[in-house]
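Pasting a structure here, questions to come.
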Amino acid sequence: MAPDEGGSSVVRELLTDPARGGGKKESEKGPLSDEERKRRRRKIVALLLILAALIVLLIMLLRSVSGNSPLPGIPSDVPSHVSNIYGVEQPMGIAVSPDGNRIYVTESEGPRFVRVFNSSGDKIGTLKPPGPKGAWRLPVYVAVEPNSEDVWVSDRLREEVDVYGPEGKYLRAFKPTGALGKGANPLGLAFGPEGDLYMTDVRGKRQDQGVLVFKPDSEKPLRRIGKPGEFWFPNEITVDGNGNVYVADSDNGQVLIFDPKGSLASSIARGVGEGDLGLPRGVALDGEHLFVTDTTAHTIKVYDHPGNVSDVPRYLGSFGVQGVGDDQFQYPNGIAVANGKIYVTDRENNRLQIWSY
Amino acid sequence: MKIGARAQMKRAAAAIAAALAMSLLVQASVAFADNGPHIKGAGLTPDSCAMCHRAHTAKAPYLLKESQTSLCYTCHGSAGTGSSLDVVDGLGYTEHTRDPKKIAGALRGGGFQYALIESNNPSGNGYVGEVPVRSSGAPVTSTHSVNESSQMAWGNGPISASVNYGTTISLTCGSCHDPHGNGDYRILRPIPVESGAPESGVTVPDVNTKYEIEPGRFAKYDYTTENYWDVEDENDPNFILNISAWCATCHTRYLAGSKSARTNSGDAVYTYRHRTNFTSQGSPTCIQCHVAHGSNASMGPYSSAVPFPDGSSGGSDSRLLRIDNRGVCQMCHNK
Amino acid sequence: MASTGRHERTERLALLALACAVGVLTAAVPSLADNGPHRMGAGPIADNCAACHRVHTSQGEPLLGQTQTALCYTCHGSSGTGASTDVEDGVGYSGAGRSGENGALRGGGFKYALIDSANPSGQETGYSDPNGVVPVLSEGQPVSSSHSVDSSKQTAWGNGPISAEVNYGKSIMLRCGSCHDPHGNGKYRLLRPIPTESGGSSVSIADASTKVYTTANYWQVADPNAPQFIEKISEWCAACHTRYLSSTSYTNSGDAVFTQRHISNQTKQGKASCIQCHVVHGSNANDSEASAGGVHSLVGVPAPADGYLLRIDAKGTCTMCHK
């Protein structure tokens, strides 16, 4: 109430101050002249404008408390649109080097390259595996190994992961083997705090789909996360600094969160209520937020990143709606966070979008 | 409301939703013929609606209206990371480890951008024929265009003494397939959208039994093939029995009975016609010569010179044929 | 059920393997004797089907883009640019398509022919001398008779066995494909061993080593590149014209119509074979005398006003041998 009172007092003061008004003296002389009437009207307009400005300031203050301000410097729950990068056909996955200077985007149409952009959005190269002629390849998701900055790309057609050096040199194909790994169809990729590789596996039998964990130098998985039949086409995966694992369990319409031991700790469910999911494909984390691309809702949902892994992440809001405008999406898919920015592939608009707090 | 309490409520809600979803899935595996989210009779607490529809955040009335094919491709496209069927690349992801060529599986219908038909290498003839599977996809040379553009459904409509090529319709995935599930084979609509087929349409019933598609592996559906000349579905005899009639719901005048090749139909365009109303593998059904989605077959000079029914140039369009040039003729006629 | 399917598949594969083996053996014989799109054994991915056939939009049976003769004329007619033989005008070209030198087609033509039928000479010593001459015209003349190939029904004179009852022959539909096999068959001029609707028995004429379709002398009917042609052609013609084939000129056949017949079964140039006197497609020879007099005055059937496909005007054909 205090700001309100303050505002009222200012108005009262303005209305009664003779030095500022000067109208009292003239009004004593009898009926107002036209000129006086005009002057008074101007004063009233000026007063109303000041009042309106004060109200706007008040609303902004209130909003900054509740946390929805788009203004820089005032904390918000959802980021703002920064820019778009064009020149990719039906992009799916995205990853960014830790310094933000290399952006890797997979294409699912056209030549099906992994396109590499710098932070200014300039094309600086393409990655493709050796061998198959034409575009008989299908890079889907990509992850950057934080220490070596090697680039790992899952290929749905080739059913393997292609590994490139930071300069784009093709290093090797990584194809899961062993009892757990044989027959895997790699999809989502992420690196954990200990350097382990996490991979979603969408092999033919639904009960075998899940998450495989590797030491990157071995094609034999260390372990498997998820009970038989628990996942249905898990797409992107991400791991936080504590080793908790976040999986977009896409066709089940949920995000599953596992503790470092691989036990299911919490989840975000499918539904039509606020914060519920439709078809989650991408997941990414910054220090405070969990971002989930909801592909068929054409928006990115933002949750808090709970300190306690067993807490259900709290829904904070969403950014982007369906459309072709600069800050609108058509089937957003992959998401990555680096260097304070949020990168999203905007599949049907053939571009990637950059957002920031 | 305190955050903790909200979280608790959320968790409770999630648990209830999960329980409902589980019960639905259990039911589904028993009672429903369709696959994935395309389940007929989703019940009063449907979970699958939310996969495609958004009640509050959708812009268009049905969300799908603007870009149905994009939506389908979200799961079934080359970017499809939500389905074992990539109709763009003509690939089915299964555990067909028996395939020495490593390809997960070649979709029976071909693909919309790539297909895996080794169309230049047929052998045998008629019933005992083989059209092998390629090890990698080749760009298609003809497709059933599902980009919602206006196009001619050749032969649509009854026999006409005056020139009538067909009806212009707009084709999408949903023209032929019912995304809500209908219990029929491949969720094919008995009456494809805009086909103008009579009220009853043509139903291709699904068969609700599992069969062994390879030793130790049982499945209800096998979407892939290793021989593009083997067009029947061994698990569902209804397919080969009904498919020509079903195709003719749109391509009405392409359906022709015995002696049609030597009998004037009275139609100004579709005058003499190859018989197409057979109902068994190796016989002239529509599907024996043509794939449904897209083919990579290539056409030589004579075949490329064949115009569309209205006389417009066909160019290198392969007419969804399974074999290069007119190899489909040769499989039976071997001239 | 599943295992049955697998057995079937195995059986099918076995049959397939067998079929492949047979295919390989057959393919080893280099016998692509035919020309152009009419190639026997067009192979499993043949393109040339589409040159003629339309599977669903055919305008002529059997599944042809047009009626058969019109279709053949697309390449082989006056306006055809797809073949070196123009059977309408009776002209053949030495090069592919309509290129090179033109010449006179051995069979005459369906609209025009280049037979200088008024100027025969030679064969001075009668039928013991094979060396007669019927020169070639430099410009085609309208034909006076032809084998009608418009798909209409007409009498195949003499078709059928000797009959004491009057029987002129049966009515059949004639078109290009009645005699020629457009799919190629490795035989001389793609001639069907049994012409369609003929009811005859099979006569197969081996193809020429080199195909020469033109002639400079319409009395020289043997094909030096295909010895079997002159040996078997009478027998082949008799598939339709059964009762015209005769081994003697002096015997009553017992037939009510074709009772006394000129010998026609000879197998050498200059001798009495069908082809020695007649061309096969059409002739410009003028036989007004015969038409008026009714050489083939069949009982109850008026003689057609045409040249009977003869190579020489009037009775010139007879006088080549019968001085």
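Letters are used for the chains, namely A, B and C, taken in the order the chains are written, and counting of residues starts over at 1 for each.
In this section, contacts are C-beta pairs under 8 Å (C-beta built on N, C-alpha and C of every residue); 3 or more make two chains touch, one makes a residue touch a chain.
None of the values given here were measured: they were computed from a predicted structure.
Interchain contacts link the chains end to end along an open line, per the touch definition above. Located most centrally within the structure is B, per distance between chain CA means and the overall CA mean. Per-chain Cα centroids separate chain A from chain C by 80 Å. Chain B and chain C have centres, each the mean of its CA atoms, that are 49 Å apart. Chain A and chain B, compared by their mean Cα positions, are separated by 36 Å. The part of chain A that touches chain B in the complex is made up of residues 90, 92, 108-109, 112, 132-134, 136, 138, 140, 156-157, 159, 183, 185, 187, 202-205, 233, 235, 250-253, 266-273, 276-279, 281, 295-299, 311-312, 314, 321-323, 330-331, 333, 347-348. Residue ranges on chain B touching chain C, taken from their complex, read 119-125, 127-130, 155, 211-213, 230, 234, 253-254, 256, 261-264, 269-274, 276, 299-303, 305-306, 309, 323-327, 329-331, 335. By the touch criterion given at the top, residues 1-3, 5, 9, 12, 15-16, 19-20, 23, 37, 40, 42-51, 53-64, 183-184 of chain C touch chain B in their complex. If you check the complex, the residues on chain B that touch chain A are 3, 6-7, 10-11, 13-14, 17-18, 21, 36-37, 47, 49-59, 63, 67, 70-71, 74-75, 77-79, 81-84, 86, 89, 91, 93-95, 97, 102, 104, 113-114, 136-137, 139.
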